[in-house]
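In the two assemblies presented below, chain A is common to both, partnered first by chain B and then by chain C.
Entry: the complex of A and B
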């Protein structure tokens, strides 16, 4: 029993990260039906910018927890700018030209450029990110958990909740929801849908950048840290459904927990297999995802 | 502006002419030696240390007059630990630069992909860090006329036997768990380890695998723990090894870690911090000034690169020694012809005193491995450094262990 709960707790921590990144995919898909395939790189850039900022602040004789908190606004601002840039350079021209797949190639290409840029600025080594919380693990009812893992789960939930509240309550957020529901109608109602899409990309990269600084203290920071995470989160977005904010959380948890359980009960060599099998199953049985609404495309 | 620019150009051309005249007058053309290794990326701490050790040796040799009265010149290239980049570099060094020999290779994959070009061009390669067992056996006679690939590092067959002996015979562990990454390095090493354990009639209680970049080792460690493992044997590289040590601390489970020499990587020691203390690994060289030669080497290294802890002492020492072996061979051959250098390496009649060992006929036509199982000792991670695990093993006249005569 103890082992099972330990595995589930570890799976939840991993799964929440997948969930946040999948959530950021979902943000842009809702408004523009396009995705940033360089989302893993947005996460990586956020983590590296965060690392530089944290190290600078620690150099100013601040404690690590305070430095970490002060770094967050910088990373948020950077994420917003990076997302807007991706939309401006990669997505807008393709959408304008009515190209069905142009944005796919463009966001992948931008992702590669960002990775090379990061390699040139920060080098190819994996760097250690100072942990704002104590690294000794807590023992809760026989389950060992690192404080930072709790912070990951809480932080992931908070950012998703904050974005949702923003979308539902603020006037700008309502424009986002309106665009997501019906872009043409929103445009006729006087909403500048193009700006809304740019904004949703900015918000999406901001969420990914935040995910980057959340996991960086328990992993290592480096130019390649986003590649695998971006891919797995994409699977989560498909499993959970690209139109459902709730779905990606559940999808993330399903994938995270299946991975650790398979690793333990079947074989660590097959850890990644069930996630992919699940992906295929969902695609063939319910292509809109477990929680997705099937949309009818009117022609 | 234009006038000053012209003056500068004239001055530069005069200076260059002066240099080339002086070059012709004083010494013959320098001897070009290739150097290939990852100077950026995950294995760069090993690559950079190896390069720095090589450069130190070249500077020393040049100061005392060079080889055959000619200066040594290094042509350094960063292979980024990528096979395809290594291949390009090999072709460039052979065809464009015309090197007489190449030193280097940290990564077994890069070595295997690149060295066939040297074999075809009949130019010797001395692998000074890569450990894959097959590296020196790719072009064995009689299938090939002669083998141009040499090595001055302890290969995986040697290391895995040492790890198994240390865990089972010396420390008396009976239930080892093997944790290896899914790369060629990890999986070939795992196979070697299983073979070495089988020779001692021990079967691992768990054999677990993980991918490069995996951030959570809970499943692997819990399996090992539940199987009752009393020691963890590793074959992986720095960052993931650190995840293992940190994962054990998280689970509140502590058994010793014994593994391949990569447990001495700075990325493991720094990332694992106190959790990495106590890890054991085979080392051909420990940063310990126990002979005058080693003391001089360590001090020269620290002075040249302005550091206290060498990032990878093993790589630096093996790199340093590889230059002296090559220099001795070129001197003996009296020529920079690849075939003659190879012949000289296989029949070295001068003893070469290196920092790892004293090389007395290190190679023969059939044996291209300078390091034998008796040479490496176990290093121990302690307070962010690698120290000798069993000081008695290297005490007194055991400080220098040499390859047995066969």
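Entry: the complex of A and C
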């Protein structure tokens, strides 16, 4: 029983990271029906830029927690710029040319370029990200929890909630939702929908970059850290539904927990299997996702 | 005020409009009638920038708007309540109305009193007031039509394009829509109305244009068109 709750708690932290990356996929899909297949690289770049910033600030004799907090705005700004660049270079030309699949190739290509760039700047070795919180586990009702794991769950919820509040409360957020609802009609409201799409890419990469610095202290940081996370989060986005806000949290938790359970009870070698089996099941039984609404494509 | 000259437009290689000209004067209600497929909706789409005209020009208060993106044309003060209503289904009635005022709320049109205009819309369409916090997607067809009109009016537009506001509505609601249009006309709202109910449209309008196969077949004061034997025979459903 104890080991089971231990595994579930560990799964929750990983699952929230999957959830928040999947959420970032939803942001661009909602407005443009396109995705950044280099989203894992946005996360990786966020983590590495965060690492360099934190190390610089620690070098200025700041404590790690303060350095971590001051690093966040830098990573946010970097993520926004990186996402806007991906949209401008990879997505906009393909969409303008009416290419059905051009953006897929273009965002994958940009992702590979970003990974090579990172390998050349930060090297190929995995680096250690200084943890802003104590690394000693807390013992809560017999379950050991790292403080950073709690920070991951809180951070993931806060960023998703912040985006939700922005979308519902501010007129610019309403313009984003309007663009997601009906792009032509949004244009008639005087909304520059192309700019809204650039913005949603910026916001999406910012969210992924934030996920990067959330997970970096509990894992290893390096140029290759994003690829698998990006792919698994994509599975979560499909499982939860690309257009269902809450579905990705549930989908992320399901995947995170089944992974840790499989890793312990079956074999770490099969850790990645249940998520993929789940993905295949969802795709064959409910293609719009567990929580997604079926959309009928009008011709 | 709104001047459309020799407009040629269509979808890809299919031309729908073959040189259409019309004028809407300030404070006027002008109606564009004609059979299905005559190009009425395409005309409105080409005027508001939803499609890019191939040639010809669209001018608002003398300013050339031809070929501008729809959002830029809206910022110039042209509102378009499109065919099929196109309300934002996952947003509340109130949010739909605020989105209609987007250029005013974001500084690209004079702000004026948005609150007062909301109240004016709720007075004009009491059903919307009752449902202000309901999602637009859950409204009935008639309520969605009212919302689409109110949303377009929230721009405080120089000119309002209305595309088939009566489409798909029960007769009682059609009458309600026309009563609202008449009231807007009393308030000196400049409007270009596309309608399938030609008789009702000519009843409220000042001026009318009759379209046929992408061209103008007739135009003149609404009262005159209403009594024109050819127009009556072709579009008003009875010849006597």
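Everything that follows uses one rule, which is that the second predicted complex is superposed on the first by the 299 of 299 C-alpha atoms of A that agree within 3 Å, B and C clash if a C-alpha of one lies under 4 Å from a C-alpha of the other, contacts with A are read in each partner's own complex, and residues count from 1 in each chain.
Definition applied: contacts are C-beta pairs under 8 Å (C-beta built on N, C-alpha and C of every residue); 3 or more make two chains touch, one makes a residue touch a chain.
Since we're looking at a predicted model, the values are computed, not measured.
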Contacts of A:154 with chain B and chain C, given as first, second, both or neither: neither
Partner chain in contact with A:77 - chain B first, chain C second, else both or neither: neither
Touched partner set for A:105, first chain B, second chain C, both or neither: neither
Chain B versus chain C as contact partner of A:140, first or second or both or neither: neither
Partner chain(s) touched by A:189 [first = chain B, second = chain C, both, neither]: second
Chain B versus chain C as contact partner of A:66, first or second or both or neither: neither
Residue contacts with chain A in the superposition, chain B compared against chain C: B
Doubly contacted chain A residues - partners chain C and chain B: none
Complex interface listing, chain B residues touching chain A: 40-42, 44, 80, 182, 208-211, 213, 215-216, 218-220, 222-223, 226, 239, 242-243, 246, 249-252, 267, 270-271
Chain C - residues contacting chain A, complex: 48-50, 69-71, 74-75, 79-80, 82, 86-91, 95, 98-100, 102-103, 105-106, 108-109, 151-152, 155
Residues of chain A touching chain C in the complex: 171-172, 174-175, 177-178, 180-182, 184-193
Interface residues, chain A side, partner chain B - complex: 3, 6-7, 10, 13-14, 119, 123-126, 128, 135-137, 139, 144-146, 215, 218-220, 224-225, 227-228, 259-264, 267-269, 271-272
